[in-house]
Amino acid sequence: MVGVVNYFREIAQGLYTLMVGMAVTFRNLFLPAVTVRYPHETLQMTPRFRGPAELIRDGETGQPHCVVCMMCQRACPSRCIAVEGEKPEGGKRKVPTKFILDFTTCSLCGLCVESCKFDAIRFSKVYNLASTRKEDFILDLLNPKATRGASCS
Amino acid sequence: MSVDATTIQGETFVVNMGPQHPATHGVLRIKLTMDGEYIMNAEPVIGYSHRMQEKMAENRTYSQYFANIGRIDYVGAMIYNFGYACAVERLAGIPVPERAEYIRVITSELNRIASHLLWFGPFIIDLGGLTPLLYAFDDREGILNLLESVSGARLTFSYFRFGGVCNDIDDDFVAGCRAFISRMRERLTLYRRLVTDNIIFRKRVEGIGVIPPEICRKYGATGPVLRGSGVAYDVRKDEPYSIYPLLDFDIPVFGECDSMARYRVRMEEMNQSLRMIEQALDKLPSGPFMAEKVPRILKPPKGDCYFNVEGARGSFGIRIVSDGTEIPYRLKLRTPCFANLSLFEEASRGMLLADSLALLGSLDLCIPDVDR
Amino acid sequence: MDFVQVLRDEFMGRFGERLRIEDVDHAKRGCHLDITASGVDIEEAASVMDGLGFTLEAISGIDWPAEEAMELVYDFNKMAEGGRIAIRVRVSRERPEIASISKIYGGANWYEREAHEMFGIVFSGHPNLTPLVLPEDATFHPLRKDFSA
Amino acid sequence: MTELLSIEPIRMLVFLVGTILFVALNAAYLTLLERKESSWFQRRLGPTEVGPWGLLQPIADGIKLAGKQVIVPDGVDKILFVLSPIMVSVPVIMNLATIPFSDTLVARNIDLGLLMILSFTSFNVMGIMFGGWASRNKYSVISAARVVAQNVAYEIPMFLIAISLVMVTHTFDLRETVLLQTGGFWNWNLFKLGVSPLMPAACLLFFVCLLAETNRSPFDMMEAESELIAGAITEYSGMGFGLFFISEYANIVVGSCLVTILFLGGWNCPFGLYPGLHWFFVKMYGIIFVVIWIRWSFPRIQFYGLLNLSWKILIPLSLAHLLLTCVMVKIW
């Protein structure tokens, strides 16, 4: 007799747990969607978000603070930064002529930003870089607009 | 319901589960020799996402290697940063200020909850339930936003530095954590009602994938797999590091050794992590978040040391052999998933195909963690 | 830590002077006992540890070209009481050969295959000593110091 | 217009085109309902891009599927491979011939309607088996074996309950069974406790067997994504896959119509006011809503769990219900 009671009790218990599970999904039926419709609405990145690096420019003159001291190039574990510069005759400090960041191998570890003594490089807030060609991710930081395919808004 | 190998006759056929298969999260191939739906022998073939992390460590300075450590088990990257930072601090003898220890524990426990949520979703999908994943990822998003606001990255945080953390946490991070904790507790009851009590789920996992403690000991399995087999070993309690001795939390241990026990260990661990974060937030001291004089190029003294930390999947150990220069002489990574997967061959003999998925899912593997 | 004492007597009784047991501060080096056991049969030592209920956590190989030796560090851990023992064994560099303990510890199977493919150490008695993570036909040993890509 | 309809061939032609249209549109818009409903449960948006609120999405899917090339892999048993999608979808469309949507709107109301529907539902399992066997893929063979065992195990309780209902209504004719249930919901078979107090339990059993017959979760053994990738239909592409898809949703429609007719009183209004086609559709789509709701709430059952459930629980209960109905019918 006990077996029969257990038999029906287990069925009843099983049905009850199924109903409780369905009640949970039913309650979620009326709650609003939590997803963001990406192409139409975009998310706002937090201030400390780490996008591809960019040069900090002086307010008025628009010249980058970088003095081509190569500290960031040496600190980078995956050797993605290539900097060249020369000293103009009149001026007293070097000016960068080429500043290439190979974003395909950059692992966003932040060592370049930390090792820069002249506060010349920081992380940008760009997060939707998209392109079909690898070359578009070799970013030229001196004239950022030049990057063709990568649509960095 | 497993049949041992001797009673199976008839000709067997070999099926390749993987390397591209919905149930192997990551690139893992398992050669199954099967008789009908019973598995005679399951041999995991690994190495598809092998990147030679240990060789990379031998041509990078200590601080340059931080980016790699987060990419070994990218689901629990903060805890791996914790392990590496503490290993080098133990080797080089760098003191860590009080506030940095608290920040490290808070962010690591948040990352452990995110890692368990990312295990919970795909595990239920392996068993056929498609909705719990969306709820779990909704909660996980809350954690990722918190950690992104403090460290800048969402998955592979390179947030720790030798001697502390790279930037401080502010008040709205603390407020965000408290709001998350209260919301998460009520969400855990939702998961209990939707999945844990569900009779179909119970029938799918109870008594399936039994791993006796003896096999765990022979294969060196650690973490929730070990605690699901009745052995109360947790690195945070048995070899305490950082400020875990000051926090009051207990270790969930279930003795049934089956997939359900491992499931309940992880769900209970989320609760414990919430408790720990709450206590750490209450006792958060003010003060520096980074040790003052840490040399830019670190040259630890000659010698070797071993440090292990309780990762989301088991005890993650690092053995660093230093020869005095700024580049480590040898860096051995003892990863938990490597050991947990090695027992799959013995544990899944004679099981059904569908049940072996429940076992594989309950081991919570992260394949790059296996291959390194 | 009574099992440390038990272990010390067991090892001293069985191997005597052929190994050096060194008490180590766990906070500094991460293990309680550091045993260098070069002349000792590793299978016997492993069966002693297995008898005492230890778990094999890891086998890590280290290449010392300067001293013409390869070092193998066996990390054992007593799960319930949280005691950690490291056994170091040195093997010659030209012909690195050692007994395999995969019969005693199932987990050692994969560690030994990995040490074999990374350092070229041959584990005699190992059921299937083929590369584990490297491609099947790999004959190079990347983690040796004289390896050039 | 109506006398035109009375000419038999034109009437048949109109009903044939109507049924095909009904099946095609239903298959298309049920996929949209499934995707939308699953997105509501999971608090996301579902298809919204194609057409207003994603309404043109099924049309786009249909065109894409029709446009895709039907690849027949080599080494495959060609005849069976091509035949099986047809064998799966034709019986389901023929089922709709005898389902009375309203008292006049029925293609061919034969007096053995229920028997025909039940026999045809057991026919399409052969299509899936041949498909799984013919596509020479290990996972498909496993899934084909599973589907046969599952359908055999779940047809028995389904037929037992159908027989116990036929004892109550004394007829196989579906239109007759609905006419017997006219008047308020207390006349529906579901609430005819006088005949057998276990009637709601029988309705639940019938519904569970319907889920298992159409391979819907939690019994989707055929297409168990995480284990057998796509089961018997892995090798199919283009319209081959499309036909399997149409037959799955048409099966659900036929199953829900059966439950509506046998238990919920077809086109009768719950309060006996204006019976008609609309009430039939309200009940049918209500049941389809519950079928989709179940899919997105539960994990999948094990294969031997599925067989245990049928042989140990469903069949004994349906036999007990059959016995009870006999006794009650004999006494009253």
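The letters A, B, C and D name the chains in turn, as written, and every chain counts its residues from 1.
Heads up, the rule we're going with is that contacts are C-beta pairs under 8 Å (C-beta built on N, C-alpha and C of every residue); 3 or more make two chains touch, one makes a residue touch a chain.
A quick note: this is a predicted structure, and the numbers were derived from the prediction, not measured.
Of all chain pairs in this entry, the one linked by the most C-beta contacts is B-C. When each chain is reduced to the average of its Cα atoms, D sits farthest from subunit B. The distance from the centre of subunit B to the centre of subunit C, with each centre set as the mean of the Cα atoms, comes to 25 Å. Note: centroid distance subunit A to subunit D, computed from Cα atoms, is 49 Å.
Note on chain placement: the centre of subunit A and the centre of subunit C lie 42 Å apart, centres being C-alpha means.
Multi-chain contact residues of subunit A (touching two or more other chains): 18, 21, 24-25, 28, 34.
Subunit D has residues 41-44, 296-298 in contact with two or more other chains.
Looking at subunit B, residues 131, 135, 138, 194-195, 198, 200 sit in touch with two or more other chains.
Chain contact topology: the protein chains form a pattern that is neither a line, a ring, a star nor a complete graph. Remark: subunit C residues 26-31, 53, 55-58, 60, 62-63, 73, 75, 79-82, 84, 86, 105-107, 109-110, 118, 131-135, 142-143 touch subunit B in the complex.
Per the touch definition, subunit B reaches subunit C in the complex via residues 46-47, 50, 52, 54-55, 58, 90, 215-220, 222, 226, 231-233, 237-239, 303-308, 315, 317, 319, 321, 329-330, 332, 334, 338-339, 342-343, 346, 371-372. Within the complex formed with subunit B, the subunit A residues making contact are 13-14, 17-18, 20-21, 23-25, 28, 34, 46-50, 75-78, 107-111, 114-115, 123.
Chain contact summary for the complex, subunit B toward subunit D: residues 1, 13, 15, 21-23, 37, 124-131, 134-135, 138, 194-195, 198, 200-201, 203-204, 352-355, 357. Taken together, the subunit A residues at the contact with subunit D in this complex read 11, 18, 21-22, 24-26, 28-29, 31-35, 37.
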